[in-house]
């Protein structure tokens, strides 16, 4: 579980820095400049996928693009590294369950 | 149209890459700085140009030094392409007509891939946190301390529930200190530094006493120890979820003086040092060697960072851990050597210009041996017990690796073919060092003899669509990258 | 030669030395040791380090050179009982192999191929039309009109397979010596002396040359030059996706091999080449060619366009000018047998060619037609 430092939270509530996006269809709020992974953690989502191997839950681990545990579906494209993509207004982020279906 | 898109490409915009690109471009070379992140800074100076954490005392003066590297980069005229992932560096088959063999860089940006032709590449890909394989390290809620620091720098996020930090090394203490300044909650720090390391490190203390890190480091550690619960001599660790569940972290179990203790935890931050991020260098074919003191693989380089591959050099922590200041100077040295190789400056000019940088590099490296020795992680945390997952992607345990050794696999590449460890998207970044050491111990030989994964491009996954649409002409490339 | 009964420590004098620990070397060793022959395999790196450990695992009769068809059919029978042979299923699964026709003209080629095989008495290949193609491969692109199919074909896991052959051979008494390249081969008084780079010497009455992409160097030692070309076929593999295809798919008009493993990863290859640097055990990928391969998949499997490629690699392989291997006795020296030059499709032939080599060594002949593979065919 993560929270914003108070002054940043205050600024966020006041200002145009806030970005509205969705997590599995639910409305959520992030700060411009947040990565998708950070935005998920800030919204209380610690697990963002289940592994395709055993189905175990995983969440961001390295935040620097090397562990691939932050994989999510962003605007319909699967297997994207949440920690390497910046959240943007209206973005649809979906958590990922197991092996991705190919688009048929 | 010129044969080369740029004379020099620098991969990585941390201190090493920033300094290298700025120096090379300021001497007239055409330079492009390629970096995966949206903003320059690398790991230490992550988001330094736009962090929301504006209270300077939180991240500390070492962090804010990074801002000073931005001006020279801007003024130098080097192109900076953020958000660009480099997935391959190679020489195409044919030699160029003018006798120079160009290098081709495969990169990917905004969902499009392209090849870029350059004459020299400086890899400044930095470090990554050393894998910390303990039971339960895959649970959501368990993160690297470096990862938590990225969250702080880029988003002003700190842990909110019960928080435990565990491990060893300067970065762990730095993060604890930064959290203190920020008023974040830390329930306990579990120090895994092995007691006997002090004995080994003591003879190296005189070097450390001259180190620029000494003063800062001591103050930081004393601050943390005064204000937080630090539990030392931790010899075993385990992260646990809810009983029977694997959904998220619930508690941390540690062993101290032979007895187990349990702490409730929502967040566990692990750290036991950093090691070179060598995937790109390895996949480019650069020779590497096992560094016994730092207990990691590092690409082989000469005093200028030149690797075994002509036209490819390395600078910064990607060539061996030396820290941010050392990275900066190594970047400048690599840039000078590249300028010399490209015929822009003579040998003497290079050597002369290098004098102050080399002196600064030596200063920055003073005392390193002491830190390396003191913070060598205990074997139990490098070579885990059978039931611990070592390969997070394919969920392969240490026991499975040992079993493969008994079946006749003598090195990581066979274990990989046999078990699929290291075959997932992280391409061995989080299991490679562990697999090498597990096999070495199991066989009773040195890690150097066991070897490391042979890595192949793409070093970062790319989509089939990107590959299929790989632009082949200069005009295609311009369309994708130069607007 | 017959396996001698006289006691000699096996470590000192095997009956047969096999040079090369790929699938072909391991298979020869296995079949020989099944007949009580004492074998020593000398491998310069480690078993399955090269083509045999990194190939696409395609177990295919489909589309083979007619000279290879009898061997391929016989090998297929062994694949379907591979567990009995090596005590491991080698990950072998048989869901057929399919060669897609993208136009009526290509489909006509397929019909001609089936007619040619039928005339020779082989019936394993057949042509299917639009609808059946779609029931076999629902994800295939709309423009494909039909396909050539071999239903008994399949795929296995290469490293595991080669390792299984090695393990079984060891269980039957074969010894493996890894890490020393054979540098010299000489024959005196009916005994071969084989020297390795690390200074060791071994002797045996019979030698098998199964040195893959380096086999020409062994042949050159006995004055038998062969026009072997060293090539580096490339492969790439995706992250796991939900299972959507069972057979292995190739194309008629372009290079492709496309298959999904049970774990969900999709392997893409088909023979596009990188560059091999055999003296350094190294290959270099050519991404313009990888891109061509990706383009083919883009065209044939629209659903794959967003798939992520997590790795690519190449293996070092021997190719002969006529694309078929060299199998059988040396033309210059007695008691030397070749088994190399499989030209990027030798994995499927592994089980049978080892048996053929064992037949030749222990009985002087084999029941399969190997004349087309004689090394002498290259002599000017």
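List of remarks:
To keep things simple, chains are lettered A, B and C as they appear, and every chain counts its residues starting from 1.
To be clear about the criterion, a residue touches a chain if its C-beta (ideal position, glycine included) is under 8 Å from a C-beta of that chain, and two chains touch if they have at least 3 such contacts.
These figures come from a predicted structure and were not determined experimentally.
Seen from the Cα centre of chain C, the chain whose own Cα centre is farthest off is A.
Put simply, the chain closest to the centre of the protein, by Cα centroids, is B.
Distance between chain centres (mean CA atoms), chain B to chain C: 40 Å.
In terms of their C-alpha centroids, the spacing between chain A and chain C amounts to 45 Å. Centre-to-centre separation of chain A and chain B, using mean CA positions: 23 Å.
Each of residues 239, 263, 304-308 in chain C touches at least two other chains.
Counting partner chains per residue, chain A has residues 53, 79 touching two or more of them. Residue positions 424-425, 461 of chain B each touch two or more of the other chains. Chain A makes touch with chain C in their complex at residues 52-53, 77-79, 98-104.
Chain B makes touch with chain C in their complex at residues 88, 90-93, 104, 106, 115, 285, 407-408, 410-411, 413-414, 417-418, 420, 423-425, 427, 456-458, 461-465, 467-468, 470, 472. Listed in rising order, the residues of chain C touching chain A in the complex are 138-139, 239-244, 263-264, 303-308. Interface residues of chain A, counted against chain B in their complex, comprise 1-5, 7-8, 11, 31, 33-35, 38, 41-42, 46-48, 51, 53-54, 56-69, 71, 79, 83-84, 86. Here chain B touches chain A in the complex through residues 36-38, 43, 47, 50, 52-55, 58, 85, 128-129, 138-144, 146-148, 150-151, 154-161, 182-184, 246-248, 266-267, 277, 392-395, 424-426, 429-430, 460-461, going by the rule given at the top.
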